[in-house]
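What follows is chain A paired twice: with chain B in the first complex and chain C in the second.
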Partner chain A sequence: MSTSASHTQETAILQAEDLPRLLEALHARRYQVIGPTLSDNAVVLEEIRSVSELPVGWTDEQEGGVYRLKRREDEAYFGYGVGPRSWKQFLNPPNLRLWRARRENGNLQFMLDSQEAPKMAFLGVRPCELEAIAVQDRVFLGKGYIDPVYAERRASLLIIVVQCAQASGTCFCASMGTGPRAESGYDLALTEVIDRRTHHFLVETGSERGADLLQEIPHAPATDAQIAQAWEISRQTARQQSRTMHVEGLKELLYRSYEHPHWEEVGARCLTCGNCTMVCPTCFCMTVEDSVDLGGRNAERRRRWDSCFMMDFSYITGGSVRYSPSARYRQWLTHKLATWHDQFGVSGCVGCGRCITWCPVAIDLTEEVRAFQGKVRGSKEKTHENA
Partner chain B sequence: MEVARKPKLAVWKFASCDGCQLSLLDCEEELLTIAGAVEIAYFPEASRAVLKGPYDISLVEGSITTPHDAERIHQVRRASKFLVTIGACATAGGIQALRNFRDVREFHRVVYASPHYIETLNKSTPIADHVFVDFELRGCPINKHQLVEALNALLHGRKPNTPAHSVCTECKRRGIVCVMVANGTPCLGPVTHAGCGALCPAYHRGCYGCFGPKESPNPASLADWWSRHGASDPQLVRLFRSFNAYAEPFRRESEAHEQSSS
Partner chain C sequence: MTTPLLENAAAAWEPPVLEPQEAAPMLPRPYVVNRVRQETSDTFTVELQSADGAKPFRFKPGQFNMLYVLGVGEIPISICGDPSRPDTLVHTTRAVGVVTRAMRRLKPGDVLGVRGPFGSAWPIEEAAGNDVVIVAGGIGLAPLRTALYNMLHERQRYGKIVLLYGTRSPNDILYRREVEKWRSHFDLEVYVTVDRASDRWRGNVGVVTSLISRAPFDPLSTVAFICGPEVMMRFAVLELQKRGVDAQNVYLSMERNMKCAVGICGHCQFGPWFVCKDGPVYRYDVIEPFFGKREV
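Coming up: the complex of A and B.
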């Protein structure tokens, strides 16, 4: 956490009962508001029309391969961790038609699908997720390779961060340096403060748009004590995190470990199901599929999320180059934590913990990394790194 | 398939419930286009007209369970340019392959008044155990969109787009909340071939494995996870022993738990 604050930054207090006014202000500006809501026993991201659709009074318990909703003892609006969906669902939709073509009298006519997207406001973006969006910005908007689908959605995006007031069972942003407090890159950031005496949000503005929005909703100046209290909440959240990843020298270590026997060990547990890449907020791979109707008249092209855990992903003439599950797990882990740095200048992991929670057999990348670092107690592979 | 005349299509039935053939009839809008694109030469379920072979495309439903069928499939193969098996019976032996794990003669004695009239093989086996199969379409029953896609691909001379990856992939692309992680419901999705569009998880149920084992399946790891979460060996046997019980990866897993429970 750095302590520098942008000069435009204002802080204010928004009372919890005035939260609906924030939504009204967004709707008045014709934003489609996407935020957390309950669906199928989880907190998922969906369009929300009123604050009553937020998971008020709910929390979650997360462990490797396990997610359970639980009631809270208070009526907090944002008292839970990240759920199975990430914001990439909306910035890079999982299944999207790009164009259609029609053949008539021997002529081919192409119709490009409009990628015009609604103006979206994301409510409840967590600090790690804000970092994940920044990572995807580098992928989709970086250095001359601009993805029009992502660019269109991203351009008008308004981001309201919610600073994490509790760690989930699987996240480790503190050790990745991506949270639990975001200090820039948002329009507004809220810290929810709830106890017996008060229920309010400390609001921080991060842009002109955010500052304008704040002017439209009831707010009061924040006292130094209130600001300090919000920061203390973040520090406490960081202390709660039970998982850590030691990233120092990790890239080089993974580059040296291509033949490490631990790949086989984790490959024997991995189901190559692809869940980890689908839930990861930074994974960006997609495939393109063409289809033609039976009469051969109409064709269309779609793009869909893809994953390096699928055999087709590395299919070249003669077969897949990553045939074994261990080769596929190695691709995923080394891309996330090593080659990503060379490709995009940052880590491909922001420590959100989703891949741990949503792996059906609880494969935990922080544990796997520890095995390569030789830190697993009783590990037979301990000495390999020095070999 | 570059043929000037319309390609001849035949649909054959072996030991099966007819459900997969019905998927073809269920294609409604597409059926007319199919009928326009091919000549339906042999399809007793739909039409009495019988044209002589050879056939350009043969769709084969059902498994081999009798000595007679074990002969007949060779005739079908000889009469077909492209042989496509459809459904779990044809690709894995089907639900009737449950008998492969038991003594069939004992069933005869119990079920039939005159067991000597019954002529049947000890095992129900997939078509590919008997003849060369050009393409397998999975499912119990098959998905009609995949059937249209497979026919379409054959007619246009390209590879059918029926990915062999996990059901989980379809599940996540649809934004469905994982029933296994969020509810603790056993789900075969991570080891099962895609194709249904994650139908059961969309209705809060675990995947039953209708499309059989996916590419590089790892049932042992999944079963190990379940047993550490309280599943007994008999429960594990039942999970892997349904429509695709005799598909090798599922068969080996159920047998492993049968041995450890007996």
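Coming up: the complex of A and C.
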């Protein structure tokens, strides 16, 4: 959406001390700038007004069920992984009024809420998150119904990617083909280079809009050595990743595994808290809530994020379709990695690792997938070919 | 029996594309209640008419609307009126939840919110030239009544038309007078059965699926439409297959929780499908690998 076919990619060097100029240029163009900042002992995404609000000199430690902030030995601006929040909160707000209704003189009037969306610039979108936005584009703007809430926000969105310079303990984008380097789909992409001698960003432009923005801030041409250095950082990041997921044949495998006994096993560990769905950058499920004032004249409908792990999510007359934790975990994992392909033509997983970090009992989807791959390959009688 | 691996399950059968009528399908439009009729002890029918001069309501048999009661909530209910009378919207439902109970208390002149129609339809066009067997359980007769109306309007296009209808008890027979009238038609085969008979019932006793084995239709050129509880539909398919009806000629209507009806809230997922837009009417062979599995 933000790329233009006619644009040829440029590279340049932006010195770290000039990063504030980028923010100024965005503010001058009346963008609301959203970026990473520290809050509640985590890196979260919020509106930022100056680069000093970025988590300068901080990093994080992530493992299954573990998230901890730590000081870095340098003053890097973007030296951490993805936090508990994702950009979806700005494109598909967690709680939003859709319409109001009024009863008057025996009639009923419905009034659509106008979707006045802020013009936003996302600063610090990681390659996996860029991919997640592309996945949600297919959900909300794909064939069929086009969601005006999302469309309005997406249309004016400017994206500045930050290429990952270090892997988190839980991420596995390299094996999902979604990172750690984004090559298109952004307006600008920054690679932060920091050592004893230099602190700069290699800037890549991905659109006319990005190229125009670059012209307004101090920059110098990038040497081949500087470009090579940035690419080496990405390669290093990929090598740091300890988790992998083998996606080849995975959709078909999961389609065959609906009645596999491993669902019971993982279901026994799952608390059905829904954390994974809240932190997931592609999970899109929502519910609607109707309310009315005490006089019974004015009502409204809101839409709110929902989770397939909630018991009432599948409620129909007679009870919930998916009442057991194992069936709800099966729904989530199978949706993410299998049915998503049939619905939207891509995987629902981008390998960001959030669902592993934020699971209170450290369920790791890469391990669960391996359990199916291992067992199903190993013992024929458990393959459930007719599933 | 081998089941083909679903490489592209969702693409295997494209339901007819039926765009929502409104430009803003998430926004209800006001409809005024003309009549609320009690059908059985727990079912009732509401008849609605546009309160804001909307165009006649075009829909296909098997589609549903989202009905909203101010301050109570919104639920999906299939449309069960006559498609040739698009001025009146007819919905039959069972009063079992907060919204349906509030709906039963409505009086003529009260106003409801309606959005729709949504979803796929019974393939009555494709069924032409064949025998048609309708298998309905309980309230499942409602969405099938629309299909029956359509086919009766063009009776000469079909072979035998057979209605197999089962309810819990004689008192639960929906549209009783209409069913009796249909039964008097020379060109309509109507069989009714109840799970539990009363002292005065002299009709058939047993589950509706038991009627399939002796119903008069030619299995090799029969299209079947099934609507009812999932377990009943499962056994109906088995009985039809025993008679030799091809899985490709069996259609059934699925039920799932629905909030948006436009395929973005995720609630109605059934395998790779969104029942609100890919369903509710499915061709059986398409959903077979998922149908009947627990908690899908």
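Here is the rule we go by: the second predicted complex is superposed on the first by the 365 of 387 C-alpha atoms of A that agree within 3 Å, B and C clash if a C-alpha of one lies under 4 Å from a C-alpha of the other, contacts with A are read in each partner's own complex, and residues count from 1 in each chain.
Basically, a contact is a pair of C-beta atoms (placed from the backbone, for glycine too) under 8 Å apart; a residue touches a chain by one contact, two chains touch by 3 or more.
What you see is a predicted model; the values in this text were computed from it and never measured.
K.L.:
So, does A:299 touch the first partner chain B, the second partner chain C, both, or neither?
P.N.:
Second partner only.
K.L.:
Go through the superposed model and pick first if A:279 touches only chain B, second if only chain C, both, or neither.
P.N.:
A:279: touches chain B, not chain C.
K.L.:
If we overlay the two complexes on their shared chain A, which of chain B and chain C does A:314 touch? Say first, second, both or neither.
P.N.:
A:314 sits against chain C, while chain B stays out of touch.
K.L.:
With the two structures laid over each other on chain A, which partner does A:291 touch: chain B (first), chain C (second), both, or neither?
P.N.:
both
K.L.:
So, does A:52 touch the first partner chain B, the second partner chain C, both, or neither?
P.N.:
Neither partner.
K.L.:
Can A:105 be said to touch chain B (first), chain C (second), both, or neither?
P.N.:
After superposing on A, A:105 lies clear of both chain B and chain C.
K.L.:
Figure out whether A:114 sits in contact with chain B (first) or chain C (second), or with both, or with neither.
P.N.:
After superposing on A, A:114 lies clear of both chain B and chain C.
K.L.:
Considering only touches as defined above, state whether A:94 meets chain B (first), chain C (second), both or neither.
P.N.:
first
K.L.:
Which residues would you name on chain A as touching chain B in one complex and chain C in the other?
P.N.:
291-292, 296, 323-324
K.L.:
Flag every residue of chain A that touches chain B in the complex, lowest number first.
P.N.:
Those residues of chain A that touch chain B are 39-42, 44, 65-69, 84-85, 89, 94-95, 268-275, 278-279, 289, 291-296, 304-305, 307, 309-312, 323-325, 357-358, 360-362.
K.L.:
What residues on chain C touch chain A, complex-wise?
P.N.:
Touching chain A: residues 1-3, 5-11, 20, 24-30, 51, 68, 70-74, 94, 96-97, 109, 111-113, 255-257, 259-260, 262-267, 269, 271-272, 274, 277, 289-290, 293-296 of chain C.
K.L.:
Quick check: in the complex, which residue numbers of chain B touch chain A?
P.N.:
It is residues 30, 33-34, 36-37, 148-149, 151-152, 155-156, 161, 163-166, 168-169, 172-178, 180-184, 187, 189-191, 204, 215-218, 221-222, 224-225 of chain B that touch chain A.
K.L.:
For a test of understanding, state which residues of chain A touch chain C in their complex under the given definition.
P.N.:
98-99, 101, 103, 106-110, 112, 139-140, 144-145, 147-148, 252, 255-256, 258-259, 284-288, 290-292, 296, 299, 301, 303, 306, 308, 313-317, 321-324, 327, 330-331, 335, 338-339, 342-343, 386-387
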